[in-house]
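Across the two complexes that follow, subunit A remains constant while its partner is subunit B and subsequently subunit C.
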Partner chain A sequence: MIYKVISKREFKAFIDALVKNNSSFGPRKVDTGSNGKPIYQFMPVKSADEIEFDYTVSHLSAKRFFLPYHDELSHFNFSDGNWEQEIRYEAPPIILIGLRPCDINAVNILDDVMLHGAYPSPYYLARRKNTFIIGMDHLPLPDCFCHSMNRHTVNHGFNLFCSDIGDSYYLSINSSKAFSFLKEFRIEEPTYEDNCCLIERRKNIKNSFETKIEVSGLPCFLDIEFDSPIWQKWGDKCLSCGTCAMVCPTCYCYSVEERFDIDLKGSTRQNHLYSCNLVDFAQVTGGHNFRPKNGDRLKYRYYHHYRGFAANDNQQICVGCNRCGRACLADINPKDVINDLRLERESCMICVSQSPDKT
Partner chain B sequence: MHDMRFTIPGQDLNREPFAVKIPDFQKKSEVMITDKGYKCRITNIVPLSGLERLFQLRIIDPLEREVFNFRPGQFLMLEVPGYGEAPISISSSTSNHEFIELCIRKAGHVTSALFEAHQGAFVSIRGPFGTAFPMAEMQGRNVLLIAGGLGIAPMRAPLFWINDHRDKYRDVFLLYGAKEPSQMLFTYQFEEWKKVSHVQMSTIVEKPDESWTGRSGMITSLLDEFTFDPKETYAIVCGPPVMFKFVCSHLDRLGIPMNRMFVSLERRMHCGMGKCCRCMVGSTFTCLDGPVFDYWSVMNLKEAI
Partner chain C sequence: MNHLGFEMEKVKIGSFDFTCCEGCQLQLANKEFTLPDFLALLDIRNFREISSERLDDYDIALVEGSITRPDEIERIKAIRAQAKVLVAFGTCACFGGVNSLKNRIPQEEAVREVYDGKAIETRPSMKISDIVQVDLSIPGCPVSKDEVERIIIGIVTRSQVSLPTYPVCVDCKQQLNTCLFDLGEICLGPITRAGCNAVCTTGKTACLGCRGPAEELNMPAYLELIKERGLSLEDLHEKLAFYNAFEPLATDET
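Let's look at the complex of A and B:
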């Protein structure tokens, strides 16, 4: 990793040059929410002026560039009584601008899941290799809790990372491609003051988190609380709509469907992003549903995120961006569910002995 | 404790020799084509009962046919182009490279489409996936096979294996229960198993009709017919989910150690590779860590049986 400093004006020129020649996606204001705050999304951009560098957070995560909502896995071409299978890997190179540290961490987690293991996914690898990521740090929103998940900083998984230090950006350059792009522009070695500014910025970010979730020992705790009535309580609120999985930067469960082409000369195998909250997620042939209740399915989502599965080394895959909490129609958010779960046991009068009087 | 997941090489070893057309993304060419199936021809269809048929498949490419190796208990993803994929357990002999036999019940979307297919049609398979019954570990011990209904389909692979290596195993018992006498599968093979494989076999039905002369009742009542030393016995249980609980707890009471009882679970699957998460049980995947679990792990997994 190489550290450089670039002035904001020069940085804009750099982004402008990059964006003009490549297919790029950056944060843009698309709408205004019901609370009057702007809604940002990663949208195609044509010049640096369209990009909101000081955006808060995007409504949808950057997952869709790596795991699209619909993806063609293979195509069958039918001929007289026979067929041929055809697999295409299409991944045009793209540039993603303005990813937050939690978003980049989410991509790193997806790398673990999709690329490490017995069956690495070529579709994912194609897209991951052809994506140039420029990250930017930001001051957290009141409901972000990535500090609790220890995902508020990132040190790999990006090509270029920019920290805002007043008049200029402190650049962490993590790839030769990014460095050779930057050679054309005026970049300077960081001075003593720049380093101080960076440390001050980091400190400032760390201290700005308002929401905290106690996640230490949570995997064991979730196992113990498997039959807790809390799941029933939150399950009754859940609408089983699957919105949380759509906006989540790490949810990757999918469903495979096959459909005939309209001319009946072939068929396509597609995967769709799916959610474990949808009612038929675990339904098998014959009609038996292994998780028929809302609470069971909600529980499994929390299990996957905060306990982790063997396939992703039992790590917690939540990055703490709270997109699911913001998008949820029934106002379920991870902070409340986990605190509820912890409080239920910790406030139990039999377990908690009364503290002795102060003398 | 028995742990298969560290010993099974998985599919990647089987596929390497011919996975030649690989996407070359910045020379990182170790990636295999995970969604390419082996093309098969349906060579024979044997009707077994009203709902079940035995499909005999032959992989067309000779190299692929040689490379397709599986172990008893593993499953494959059967693809009917245009309709979709379904996980099916393999019920043929592991030493038979010429044909793969699948015992399939007409139940869902894909299997209904498959039942429309005639002899000579082309389908595609991916696999084999999952863990297998530890046949090497069972050597020198008694083997108790308990099958209920369609559970006899995955049981055929270990039976063929035992037939191939009969001198390595002690007494082998097969208990087979079905709901009605007409739903009993592979009846034509019973004599072969008894006389050629020297398997002590007994059958039972839940609802007997007038033609049935054998016993009726629960499958666990068949255990009285045989005498064996439970400490020296391995058990394999396959059947509908409701069967596992009472059969395994009965075997537990008899004294068979928990890590020597194996069950084969079933779940909804879409990929077979641990990516789609549809088959998760507790914190494990049925496709990677299963479908064969020992009873000890299954007991500790939440919502498993």
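Let's look at the complex of A and C:
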């Protein structure tokens, strides 16, 4: 990693040059909510002026740039009673601007799942390789809890990371490509003061988290609470709408569909992102549904995020962005669900057993 | 037709309209660039809008519209007797549709309003399955040509034919839309069956549920969120009643 400092004005010129020459996406205001607050999304940008560098959070994560909601996996051509499969892994290069540390951590988690397992995904790899990521830090929103998940800082998975230190950005340069892009622009060695500002900025961010979730020991806790009535309580509220998984930066489930071309001379195999909350997620051939109840489905979403599955080394895959909580119309959010779960057990007075004392 | 070693036959199809705007039938002739290939899958035996032929040896009957006249009852029974597969085609056929708006007022009043008092035989709008057995439903106001193509191909190739079970919100999110609830509106997306690519919400108009209820929808939770957000129950009622698709669910709780 190389560290440099760039004035905000120069940074804007750098971004402007970058986005003018490359297919780029950055935070843009798409709407104003009825609460008066702006709603941001990662959208195509053609000049630095279009980018809201001081945005809060994007409504949807940046996941779709790596795992598109719909993706053609292959095309089959039928002829002379035979067939040929055509597969393309190409992904045009793109630049993503403004990802938060939690967002980049989420991409790193997706890397683990999609690239480091038994069956690496070439589709994912192509996109990941061709995506240039510029991260930017920010002060957390009142409901962000990435600090609790230890995902509030990031030290890999990006090309360039910018920390706001007032009139300049403190740059962490993590790729030769980023370094060579920057060479054309006025960048300085960090001074003693810049370093102090960076430390101060980090401290400030760390101390600004208002939402804290106690996740220590949660995997074991979840195992014990498998039959907790809490799941039904929250499940009864759940609309099984899948919104949480659609906005989540780490949910990666998909369904696969085969479709004939209308002339029957070929077909496509395509996937589209799915959610374990959807009613038929665990339905198998013959119609049996292993998780017919909302509560069971919701439970598995929480298990995957806070307990982890073997497929991703049992690591917690939630990065604490609270996008799911913000987007859920039924007001189901990780903080309340987990607190409820803990409270239920920790305040239980039925059988106060003696734990061994300190000796 | 021979397809990968399987003999395939064109489907002998009849398309029939009852009380409706014929917009769904029109969809069959839409999407010009795939139209020749689409029509090549069909052996059209009876379809007033595109052919003068009136043959009665169809296997699949696409039935569009709702039932609002006594003579329509006889006609739909005759079609049922002939068809091997009867498809309720479009929202009117599946749920009664917009026509059901007249169910809320005395029928004489409706006749007076629309026909200026002429003697018209009419009755409250009914969905097709109120009269005869329906084998397959393709909802939508109008139906989505994409979905129709997919289902017809499924029938021709004898592969599985199904509709999405989940609600419109999935598609809506995938279209990167801002949720209309965040803009202070009521949207029926969370309880409506997906498959339309969330066209309405993508155009910033609330979903009115033309595709009918999603499977296993959670009405109590949905009503709760409307109340929680202080949205108008009257507005909700209007929307739920628009296509008549939710009627049995929307009774006492609102």
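Convention: the second predicted complex is superposed on the first by the 350 of 359 C-alpha atoms of A that agree within 3 Å, B and C clash if a C-alpha of one lies under 4 Å from a C-alpha of the other, contacts with A are read in each partner's own complex, and residues count from 1 in each chain.
The definition used in the following text is that a contact is a pair of C-beta atoms (placed from the backbone, for glycine too) under 8 Å apart; a residue touches a chain by one contact, two chains touch by 3 or more.
Since the model is a prediction, treat every value here as computed from it, not as a measurement.
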Quiz item: Can A:108 be said to touch subunit B (first), subunit C (second), both, or neither?
Solution: neither
Self-check item: Partner chain(s) touched by A:304 [first = subunit B, second = subunit C, both, neither]
Solution: first
Exercise. Based on the superposed arrangement, let me know which partner A:7 touches: subunit B (first), subunit C (second), both, or neither?
Key: neither
Quiz item: So, does A:330 touch the first partner subunit B, the second partner subunit C, both, or neither?
Solution: second
Practice problem: Pick one for A:260: touches subunit B only (first), subunit C only (second), both, or neither. | Solution: both
Practice problem: Counting touched residues of subunit A, say whether subunit B or subunit C comes out ahead. | Solution: B
Quiz item: Does subunit B (first) or subunit C (second) touch A:122, or do both, or does neither?
Solution: first
Quiz item: Which of the two partners, first being subunit B and second being subunit C, lies in contact with A:74: first, second, both, or neither?
Solution: first
Quiz item: After superposition on the shared chain, which partner residues are touched by A:83: those of subunit B (first), subunit C (second), both, or neither?
Solution: both
Exercise. Using the superposition described at the top, list the residues of subunit A that contact subunit B and also contact subunit C.
Key: 78, 81, 83, 259-260
Quiz item: For the complex, which residues does subunit B have touching subunit A?
Solution: 10-12, 23, 25-26, 28, 30-37, 39, 81-86, 107-108, 111, 120-122, 124, 241, 266-268, 270-271, 273-278, 280, 283-285, 288-289, 302-303
Quiz item: For the complex, which residues does subunit A have touching subunit B?
Solution: 73-74, 76, 78, 81-83, 85, 87, 89, 91, 113-114, 117-122, 125-126, 129-130, 223, 226, 252-260, 267, 269, 271, 274, 276, 281-286, 288, 290-291, 296, 300, 303-304, 307-311, 314
Practice problem: Please name which positions on subunit A make contact with subunit C in the complex. | Solution: 30-31, 33-35, 39, 41, 43, 59-60, 69-70, 78, 81, 83, 236-243, 246-247, 259-260, 262-264, 272-273, 275, 278-280, 292, 294, 327, 329-331
Self-check item: Contact set on subunit C toward subunit A in their complex
Solution: 1-5, 8, 34, 37-38, 40-41, 149-150, 153, 156-157, 159, 165-167, 169-170, 173-174, 176, 178-179, 181-184, 189-191, 214-218, 220-222, 224-225, 228
